[in-house]
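So, here's a batch of structures to check.
Below, chain A partners chain B and then partners chain C, in two separate complexes.
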Partner chain A sequence: MEFDFSPVIEYFPTLVQGVGVTLLIGLAVAVMSIVGGQIVAVISLYTRRVVSWPLRFFIWLFMTTPLLLQLYFLYFGLGELILIPAIVVGILGLGFHYMAYNADIFVATIRSVSDGQYEASRSLGFGHIRTLIYIILPQAFYRALPQLSNNMIIMVKDISVLSAIGIGELVYVSQYAISVTFRPFEFYITIAVIYYLINLMMEAGQSWIERRAAYRR
Partner chain B sequence: MDFNLMIDITPLLIKAAWVTVDISARALFLGLFIAAALVALRTSRLAPPRWLARAYISVVRGTPYFVQLLLVFYGGPAIGLRLDPFACGVMVGAFNIGAYISEAMRGAIESVDSGQNEASRSLGFGRLATLQHIILPQAAGLMIRSIGVLAIILVKNSSLVSIISVVELTYQAQRLIGSTYKPLEVFTLSALMYIVIIYAVMGMIEFLYRRATRYTYR
Partner chain C sequence: MTTSTDTPMVELKGVKKHFGDLEVLKGIDLRVDRGRIISIIGPSGSGKSTLLRSINHLEVIDGGNILLDGMPVNRPDLKGLAFERHINHIRQNMGMVFQHFNLFPHMSTLDNVTLAPRRLKRMQSTDARKLGMELLERVGLADKAKAYPSSLSGGQKQRVAIARALAMQPKVMLFDEATSALDPELVEEVNRVMKGLAEEHMTMLIVTHEMAFARDVSDWTMFMDEGVVVEANTPDRLFSDPDHERTRHFLRKHLGSQG
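Let's turn to the complex of A and B:
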């Protein structure tokens, strides 16, 4: 069997389009999961059990079931009740999944900021909410950065799963190209390399963020 | 919610859940050996084996599991690698999780104070004897915890082998939806089964952790 990469070159613009969709979804999910994770963490730490326990149940539910099943559930299961476009389901599904993981990290880092910080801030006249916003959360956020960026690297790879519900990201467009050209090996090798390059860039970004964050802890 | 349907399909889903457990257990078993070999290569005194292991771990952790599955299953035949779906799921799962586990093992071993190693060596233990009697018992607790997290990820990732047509829990659920048109019921039931499996895994991790840390006071 000889390898022929000319179909890959022919379909390269399509693959680039797929990379674009992958990166856009990644950005949307990153913003949603980090902001949402922060909110979920604060609510589950600082409110009464009536509010925080359902949220903890939500985190637990997303952490104990596979992503693919969650996507199917949201797309086909809820699709029975209301029809949501695949791209919205994909972003929400992945967003909720990683929101749960990020919330878990934020809970741990908020707890790791010492009680002395809270007491000092209150005794200087900050209110409870202001103490949280100006003193506790910024410190917790910088401590969470290494693990957050780790999660985001894993998340970008999980975007490939969204092809199962028909979103035109990198894997989906290459599956289409394969069905036309019958060259699975060449295309899958190519997208593996593309993912690896994206990953290398994200790892470089991670170490940059970590160096910056080290000043502010 | 159609409860009669849920009761009817339970035996089928339990059978499929067993396939999920089977494929994950085999992949974990093989993956542990692959991880041990990778750790041996990474801590080798020669440079080329170290580079080889680092490159392997970096590539496997840098590409999606989903793409690895597709590459081996659909691309494998092009280089003469023909596997049936179940075997392919086990192999890719093992080689994937092996890379992650090797990092967990190395981390646990390195977490043991280097003075322990030096003291043991100066008392006349060899490299292997030191590892076996001094380092590993102290690293075991942390190692079991971090491998346990990876085992849970492995079980959840096994849903992806449905894409190469292994009839495990997720694939069976999809088939049942194809014949019953009741996605909500079927997916709820299969989610419950995943939760049961993962709870069992968590219980086993806890048991092994307690056993491994019986004699350590930390």
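Let's turn to the complex of A and C:
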């Protein structure tokens, strides 16, 4: 079998566009799932059961069912009710999915901040909420970073699942290119290399963050 | 707010506290006048920490009264947010120093010190910085302003913790075994800072296991055992000629072990 990469070069602008969409979705999902994960963790730890239990149930639901199923559910379910662009459905779906995983991490790291930290802040005259904001959550965040960035690295790979609902991310656009050029292997190899490079960049980012976080723990 | 000079800075009247069946404070009375330094000694489990924590409302007492400069600490009449506001105000007037420092690890030492004035008094950052540097200077750590707690020794951490507690210009400082978690060679640097505060007439309540320091620094020493004040006296009198056998027994053990 002979490789011919000229179709890949021909469709390179399309691939770049796909990478752009992938990274954009990744960024949106990262922000949503990290900010949302913290909020969910705080609510599930510090509110009454009528609020926290349903929330925990949702976390559990998102963590125990396949991502693809959740996406179909949102896409066909929500899509029936209101008209929303597929990309929004994709971001929400992935966002909720990883929000659940991130919330799980935050719950553990918030709990791991010692009572002494809470008491020190209260003894200075900070109220409960300010203590959370200035003292507990930042520390929980630094402690969560290693697992958090692992989750985000896995998440970027999961973006490819969004091709199932027709979002023009990297895998989807290459599938289109393949259907026209009939050169699947060349494209799959190229995508794999691109994902590898994205991963490499994220790991570099991870260790940079990790170095900065280490002395703040 | 009361500011008359004859109002005691801290006053405890019949303070009671129990944990389940265990009565930890069995009616404690104490009057601390402005600028006075009280040391509290006693065997492990006698209720010293509980007493100090009750003054700061980290423990909620079951009976009696605690007044800070005439203001009641416990206000069962206030609920919810109203009580939060009240207790935050009370706590801003007390500095508390913990055995395990409890510095905020995610902030530089300067930020540890300036957090409360910046956020609670809305102090401008240049003013806060100036205040923070002055306080770090005072505990001998101005050169560590940018360092994070993880890079400090125990003695340095505790000195930063003292500076942090001073930043709100408290009326009284509460020390709960400030040097117990330190290696012996680091105790002195912390004691020196506390002595400096004593010379500036800071009102202080000091729970300590260090008898020599208690004797040296305080105006009045309280010996507690099993939730009661067994006796209280000037340190010279209490350490050299205690009235009670329990005190004598405790001192024999503790002075003996210190050589």
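Simple rule for what comes next: the second predicted complex is superposed on the first by the 217 of 217 C-alpha atoms of A that agree within 3 Å, B and C clash if a C-alpha of one lies under 4 Å from a C-alpha of the other, contacts with A are read in each partner's own complex, and residues count from 1 in each chain.
To be clear about the criterion, contacts are C-beta pairs under 8 Å (C-beta built on N, C-alpha and C of every residue); 3 or more make two chains touch, one makes a residue touch a chain.
Given the structure is predicted, the values throughout are model-derived calculations rather than measurements.
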Subject >> Three-chain arrangement built on chain A, chain B and chain C clash or fit >> reply: fit
Original post:
Which holds for A:56: it touches chain B only (first), chain C only (second), both, or neither?
Top reply: neither
Subject >> Arrangement angle, chain B at one end, chain C at the other, chain A at the vertex (C-alpha, nearest 10°) >> reply: 110
Original post:
Is A:126 in contact with chain B, with chain C, with both, or with neither (first, second, both, neither)?
Top reply: second
**OP:** Please work out whether A:68 is in contact with chain B alone, chain C alone, both, or neither, and reply first, second, both or neither.
**Re:** first
Original post:
So, does A:116 touch the first partner chain B, the second partner chain C, both, or neither?
Top reply: second
**OP:** Report for A:164: first if it touches chain B alone, second if chain C alone, otherwise both or neither.
**Re:** first
**OP:** Classify the contacts of A:135 with the two partner chains as first (chain B alone), second (chain C alone), both, or neither.
**Re:** second
**OP:** Count the residues of chain A touched by chain B and by chain C, then name the partner with the higher count.
**Re:** B
**OP:** Pick out the closest CA atoms of chain B and chain C after fitting on chain A and give their distance in Å.
**Re:** 25
Original post:
So which bits of chain A does chain B touch that chain C touches too?
Top reply: none
**OP:** Write out the stretch or stretches of chain A touching chain B in their complex.
**Re:** 1, 3, 64-69, 72-73, 76-80, 157-161, 163-164, 171, 175, 178, 184-186, 188-189, 191-192, 195-196, 199-200
Subject >> Touch list for chain A against partner chain C, complex >> reply: 114, 116-117, 119-128, 130, 134-135, 138-139, 142, 215-217
**OP:** Under the touch definition given earlier, write down the residues of chain B that touch chain A in their complex.
**Re:** 59, 61-68, 70-71, 74-76, 78-80, 155-160, 162-163, 170, 173-174, 177, 183-184, 187-188, 190-191, 194-195, 198-199
Original post:
Okay, in this complex, where on chain C does chain A touch?
Top reply: 56, 58, 84, 88-89, 91-92, 94-96, 98, 100, 102-107, 115-116, 119-120, 148, 150-151, 161, 164-165, 168
